[in-house]
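My questions all concern the structure below.
Per-chain numbering from 1; labels A, B, C, D, E and F assigned in written order.
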Amino acid sequence: MTGQVPSTVSPRYAQVATFMRLAHVPDPRDRDVVVIGAPYDSGASYRPGARFGPRAIRAESGLIHGTGIDRGPGVFDLLDVVDGGDINLSPFSMPLAIETATEALRTLLTHNRAFLMLGGDHSLTLAALRAVSGVHGPVAVLHLDAHSDTFPPVYGGTYHHGTPFRHGIDEGLVDPTRMVQVGIRGHNPSPDSLDWPRGRGVRIITAADCDRLSIAGVADEVRRVIGTHPVYVSCDIDVADPAFAPGTGTPAPGGLSSREVLTLLGVVGDLRPVGMDIVEVSPPYDVTGITSLLAAEMGAELLYQYWRGNRSRQDVYPPKPDRTG
Amino acid sequence: MTGQVPSTVSPRYAQVATFMRLAHVPDPRDRDVVVIGAPYDSGASYRPGARFGPRAIRAESGLIHGTGIDRGPGVFDLLDVVDGGDINLSPFSMPLAIETATEALRTLLTHNRAFLMLGGDHSLTLAALRAVSGVHGPVAVLHLDAHSDTFPPVYGGTYHHGTPFRHGIDEGLVDPTRMVQVGIRGHNPSPDSLDWPRGRGVRIITAADCDRLSIAGVADEVRRVIGTHPVYVSCDIDVADPAFAPGTGTPAPGGLSSREVLTLLGVVGDLRPVGMDIVEVSPPYDVTGITSLLAAEMGAELLYQYWRGNRSRQDVYPPKPDRTG
Amino acid sequence: MTGQVPSTVSPRYAQVATFMRLAHVPDPRDRDVVVIGAPYDSGASYRPGARFGPRAIRAESGLIHGTGIDRGPGVFDLLDVVDGGDINLSPFSMPLAIETATEALRTLLTHNRAFLMLGGDHSLTLAALRAVSGVHGPVAVLHLDAHSDTFPPVYGGTYHHGTPFRHGIDEGLVDPTRMVQVGIRGHNPSPDSLDWPRGRGVRIITAADCDRLSIAGVADEVRRVIGTHPVYVSCDIDVADPAFAPGTGTPAPGGLSSREVLTLLGVVGDLRPVGMDIVEVSPPYDVTGITSLLAAEMGAELLYQYWRGNRSRQDVYPPKPDRTG
Amino acid sequence: MTGQVPSTVSPRYAQVATFMRLAHVPDPRDRDVVVIGAPYDSGASYRPGARFGPRAIRAESGLIHGTGIDRGPGVFDLLDVVDGGDINLSPFSMPLAIETATEALRTLLTHNRAFLMLGGDHSLTLAALRAVSGVHGPVAVLHLDAHSDTFPPVYGGTYHHGTPFRHGIDEGLVDPTRMVQVGIRGHNPSPDSLDWPRGRGVRIITAADCDRLSIAGVADEVRRVIGTHPVYVSCDIDVADPAFAPGTGTPAPGGLSSREVLTLLGVVGDLRPVGMDIVEVSPPYDVTGITSLLAAEMGAELLYQYWRGNRSRQDVYPPKPDRTG
Amino acid sequence: MTGQVPSTVSPRYAQVATFMRLAHVPDPRDRDVVVIGAPYDSGASYRPGARFGPRAIRAESGLIHGTGIDRGPGVFDLLDVVDGGDINLSPFSMPLAIETATEALRTLLTHNRAFLMLGGDHSLTLAALRAVSGVHGPVAVLHLDAHSDTFPPVYGGTYHHGTPFRHGIDEGLVDPTRMVQVGIRGHNPSPDSLDWPRGRGVRIITAADCDRLSIAGVADEVRRVIGTHPVYVSCDIDVADPAFAPGTGTPAPGGLSSREVLTLLGVVGDLRPVGMDIVEVSPPYDVTGITSLLAAEMGAELLYQYWRGNRSRQDVYPPKPDRTG
Amino acid sequence: MTGQVPSTVSPRYAQVATFMRLAHVPDPRDRDVVVIGAPYDSGASYRPGARFGPRAIRAESGLIHGTGIDRGPGVFDLLDVVDGGDINLSPFSMPLAIETATEALRTLLTHNRAFLMLGGDHSLTLAALRAVSGVHGPVAVLHLDAHSDTFPPVYGGTYHHGTPFRHGIDEGLVDPTRMVQVGIRGHNPSPDSLDWPRGRGVRIITAADCDRLSIAGVADEVRRVIGTHPVYVSCDIDVADPAFAPGTGTPAPGGLSSREVLTLLGVVGDLRPVGMDIVEVSPPYDVTGITSLLAAEMGAELLYQYWRGNRSRQDVYPPKPDRTG
């Protein structure tokens, strides 16, 4: 295991910026989780800029140690994680970009256990769903977002950042009865926009529902619906309110606080995660870097929760007895 | 009814920016609600910039569809709303500006049912109160703000952005016993600053009170005090905390979250709104646009709540049976 | 003729933002010049954001009167110009976007004399070249830019913002022997990048050449090469140094000052312009608005120069005797 | 008493910027509280910039009156407070800076009752602890922060902004069994980072604990642990979430809201405060000024709470009967 | 003489911010020059914000020493200069503000030799002209600006930031035949806008003229027109291009570089300056502070040139033999 | 030779950010030039932030190809260059940091031909001078800067960012009679500040001199003074005017344009460069990235000029016949 550049030796603003200052391993093998960038925003319907997301998240992630408060051992003592660099995606052809991403993520899963994809816009989650379902069959989905992203195509393109879960369900990659969307709010293209996912069994927990249920109640509901089915966790940063995440493509007021988002991610360790993403960070609108920093913190949390969710499963994650004592 | 430029045809960042991409109708007639800009900041006591408020709110409002989550029909299937452009206000003479605004709003109400004014600083709410009370008599007021705005004149001018409700009460435009102020906080010019409104019967619910009562409790109190009296709803964006609304003239830490503000606006549909404003958005301090976006979202919410509050009143708002089914 | 909203009546920050506060006429007929927005950035190879260009240029252009120093009558006393709004372009399919733009610009030229296109990225200049050459045959080109934009396709797409003049020459829309590029500098994908345009007769005047020749010398050279052939004028805002135009997609240090750019545009009135564009303004990177303001000023200058270049040609521009005296 | 420049005479953006527009008294004597700047950031491990903190807090504090909502008399009718200017601290030698600060603060306490130090980074709290413990013996500490700041030295320096309380406890300046840390969260250099303070009796209330206990519950715990022991109150602005305080050196998502922070400061009046600081405001990252404004508001609150906490103690704070009636 | 806080003792970012860290003397007497702030922007026709100008210029001026390259003694060894604080100006009544400013500046000149006014918008230069002409009779004017500011009233107010020199000439405060305007450019409200000043004998040197004449030639022309007549020097920061001074109220592309502006100010020492101002710095639009810094540098230059221009005149400026050797 | 990630395969915003997307080689051997980061700002006397300089320059450098206009082969066909990552420098002990940097740079020169150091503040140039003089003896220096950086220690520290050349001359690392400083301007701590370097033979060419001599004349003078002596080239980004380089520690108005700076660097190829640096880029103040981009462009230029300056010297740079044809 390579772990982070130690902050006792190298100040946290130093060195070439990789995610959490992990080793950059372009063609990784036999890793627990590969962090992989998907610099892409040609699927954005409003503010672009997410193509710079992976770099910005990497830059801000230098501040984050691998050891959370009151957790015991650090995540990089538990998991072997590297930064796999970026997938080279065409900004000029969306079908090509999604195909390239699908192929790259499939290759990653052939040689490693899981990935954490840093977007880029939400379009590429379709590639991720194709890749993980190729290994695990139709997956459950925990989807944090302001928007349902089960919308139909528009403007003459098949794909865009509002369609990944529609395609995912249509292509049989996702089991919609084991899918939970949290944080949905705001305005929709038409009054029946949410009929499509609901009609297929998706459980939608709106931002208003979060107030009513509390985050603990939301977590209960997530556990109830998803259980121990292999689950893909997709985090659109706009699940957080624009105050906490101004740097995103389609910000929506009335969202979750960073504390609510981070608390909610704690449920992932009670599930069985098989792939994860954090998408829609748009650095040009993230003037003070707080959006990228939140994304980086969410990434660190997801890595830890990935370990929690898989620590007892020897097929996916053989124990490393010396370090977890 | 004209409705929005459809986002399925025109991307939401395209076309000349009107509020929510509604039709621009300079001299509107027979509309349910006219959105009207009041670009003005000569009444600002600290940070100016609100003169650019209407344009910035229009620009950010392109992102917002007219259809809220779980609401059934979209607001523009229910209400005939247009963007009436801006009132031409002198930045160099406050009395003239208030007179011009009063006249313009009166003319609007002669030909249309109601308006939603986009400020501009809070001074011009006096013009709005003069106009609506001309039609409805002394009105109730629901006032969201960090500041009471019942302060006396200062610096040799009769009017400023901290005086509209003092003049409104003094001129008999407002029934102070049916006025509720929500979100008041921070520091005042003198220890007895709130004695004036309280002495006239205004119900002040501070930000600390919001914590104690919860937003649902605040809404109960609003309904209790205002009932079904014709009510003017005035929203100073600084009711929200600076984290949610940095772009404003006199920001005050300790304010409401955007979710609290939007939830609270839900009470407006239980009242009988006759005029509305959103003021004090100062774009030069709104670096990432989140303040204007919140204002735009509040505007969309107010339009919907206006319909709810007036849907059963045939005098003000005759039913449009085909569209509300 | 409609002209600008008069700044003696309406402050320049007021009213719905159209270009220079001209009338918004969605389907214009019989105008001298139509200002038309092309909100698009799916052809950008580095920083996106130009999709917000037309709106931002419109917003900043409010400051600009139609009357230049020491020019005599104002341009809107001379020319009938309106803001035609934006072309609705798909962000998700570049071939579709270019086809849509071509069609829209052709329609404009069927009913009006000329257009000034506000980008958007440089890809769409191909559409403009197709439209103007349909009327005028292969056109001369005056091209202000840091980059030659005669590069080959890349990343699996046929078009991008570095290709318009390559396609334009290949398709026979441009007469390369009457094409001048000014301001070219910086770094190229390969050592022979400029061999392609030079091999076809394009006259390249680099930023270093501008120092050597002076702007007056550059103007001489432009007049010499282009003469009175119908000329399309394409202004990539990155011809200006990043200090003057930070808000652009591929900024290149070492560029022209705003004074040099504006002075150089004075040559256009000595030519015979038939179409014009200003492209590559990316508002997310234009924090203080100076890039959009420069673009707006360039637009005002181009309108005036358009009049100068066509004032004696009765076929294109019949004299309006009462106003030019 | 000098009090503030009256806002009825001088607009709040006017005059040379001192804290809350108090009198600038370079060598103060016999004051209740001296506000003193410590412009310094050579102890910062990540984002520097706190050297500009005192000036920025002063600039934003102009907006704040000395009279809080529903408090009765204004704080400057109760307390004699002046702005003592800045301590001149070497940016080039940390030991020298800490020594200089210690000496300056000791001198302040020789001639005045207490100080409110505006940082500057957290390193200098060590100087403050040395100075207050010289008067009051080992002090209790109320410490609001995202980080425990009881970390060991690193990078070959004895001091840095993560060490003040480690040195404070080691030097016997602080009674760790009467120390409470609130808001701790995020990631630590090593799994046992919090063992050190806990092992010495420090009560750590994490951000997650704040959720569980509520702010009222946290206040109870603070009162229980600290009681009426002389207490130093140290506020790292990063106790607030980056949404509320983006301008800081080591921002940590998941923090408190400004309302939570300000509410929590209300407990200080139930204690016996003898010195106070607000540190780690980094203006270069505080684009819209909201961090400095929050710090200024916290300063105003601390001054008021200082009066509350000492109003009955004639040794420290003799009553001023004429003004508190 | 008080001079600057020495930068060898106090780092240049430290201490309460006065202009160039001079002593703050609220009611100055017998000084050579008093720096006086005029925080005001109610005369702005486009972007406001100049009310924060004096504070921002003070903040950035900390970086500037009083000793220029190759000049011999520092200016504060030659001149006794203090920061007189700000004039308290009503933002709500322009006539009152101008009257207050006139009175304050007259008082300054009664007790001191000259002032350097830091704006604030250009309206207040009328007050300055009234004050200096009261002492010196009709003055010559050196006016650096993008705009002529001899425009008529508009929007129902007598004064605004485009009128000071029109009133100044009309009131006989200025000798228009000894007035030079440098840097004029851009667009005017009407074709005959410059006829008014030219008709009264004002010499207008446009930005284009600066190119043609070179800065040395402009200086020659200034010397020729103004000679040794008492001259008021008024510097609108927008004489510089928006690249060099983005933070201003009505930016105009095509302006001077900072080097050109600073070089041009060198001519002031060949004249006989009796009053000076630097106006129209709008900090909300000055994101990186470069506009305020340029204004501060110009202020330092003007102070030095004031000494040069008056060093031989014993009535105004008695020699201080010990320090100028 | 590794060269850049090809932009035809990977978009220029993609992949882990190294300088110009060169290979990251932590312990390089046998390279022509190693680009090495020195993230450090503890020597800054005003605005800090340069510790983030190397990362920001790397991020912006992705846009830059290795092939300049009209240069023939690309620099990475000529030179073997890699990104050596960052030196780990203590922010808490300046002597330790300079010692660490000296040792790291000496090691680099033991195994490679030359380095291009990306700062970081100017303090570390002392380390570079120690390293290069260890190989080449006392070196000539070409120093681009607003400040002479030959100032004495201050604030109790031996080193700071204004001292490197004073120590360099005092330690005999620099031959002052072969040292040229270009761009010096602004204000100095004392009237005799430049006496020290001039007294030792340093040739100072001020910004005003650049106007008088023209850049071509400055280059002549540089060639005359330095000749073919081994020369260290040190570029403080503040040689450029704040309009072109706002993101720096001690900006000084009146500086060079980017075109002047880049043109001037062309002289380096006529000299015999043995080491190079670009320092004082402070990203927190570089809101739109143009400072880092200029620094990156200067780095690309220096690499090319390094090749030019050494291409005929077989000892230092053996020809690579196949690629330079």
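Worth pointing out:
FYI, a residue touches a chain if its C-beta (ideal position, glycine included) is under 8 Å from a C-beta of that chain, and two chains touch if they have at least 3 such contacts.
Just so we're clear, the structure is a prediction, and the values are computed from it rather than from any experiment.
Shared contact partners of chain E and chain F, listed by label, are C, D. Set side by side, B-C and C-E show the greater C-beta contact count at C-E.
Its C-alpha atoms superposed on chain B, chain A is turned by 120 degrees; the angle is given in steps of 5.
Repeating the E-F interface, with the same residue numbers in over half of the contact pairs, is the pair A-B out of A-B, D-E or B-C.
Counting the residue numbers used at the interface between chain A and chain D, under half appear in both copies, so the two copies meet with largely different residues. For the pair chain A and chain E, the distance between C-alpha centroids works out to 55 Å. Each chain gets one centre point, the mean of its Cα atoms, and the points for chain D and chain F are 41 Å apart. Measuring from the averaged C-alpha position of chain B to that of chain D gives a distance of 38 Å. Shown for chain D are the residues in touch with two or more other chains, namely 11, 13, 45, 47, 51-52, 90-91, 154-155, 241, 243-244, 257, 285, 287. Taken as a graph of touching chains, this assembly has some other topology, since it is neither a line, a ring, a star nor fully connected.
Taken pair by pair, the chains that touch are A-B, A-C, A-D, A-F, B-C, B-D, B-E, C-E, C-F, D-E, D-F, E-F.
Those residues of chain E lying in contact with chain C across their complex are 45-47, 154-155, 184-191, 193-194, 206-208, 211, 241-244, 246-247, 250-255, 257, 285-287. Of all residues in chain C, only 7-8, 11-13, 63-74, 241, 243-244, 257-259, 262-263, 287-290, 293-294, 297, 300 touch chain E in the complex they form. Contact residues on chain B toward chain E in their complex (touch as defined above): 41-45, 47-49, 51-52, 90-94, 96, 154-157, 159-160, 284-285. Those residues of chain E lying in contact with chain D across their complex are 9-11, 13-18, 24, 37, 39, 51-52, 54-55, 58-59, 83, 85-86, 88-91, 287.
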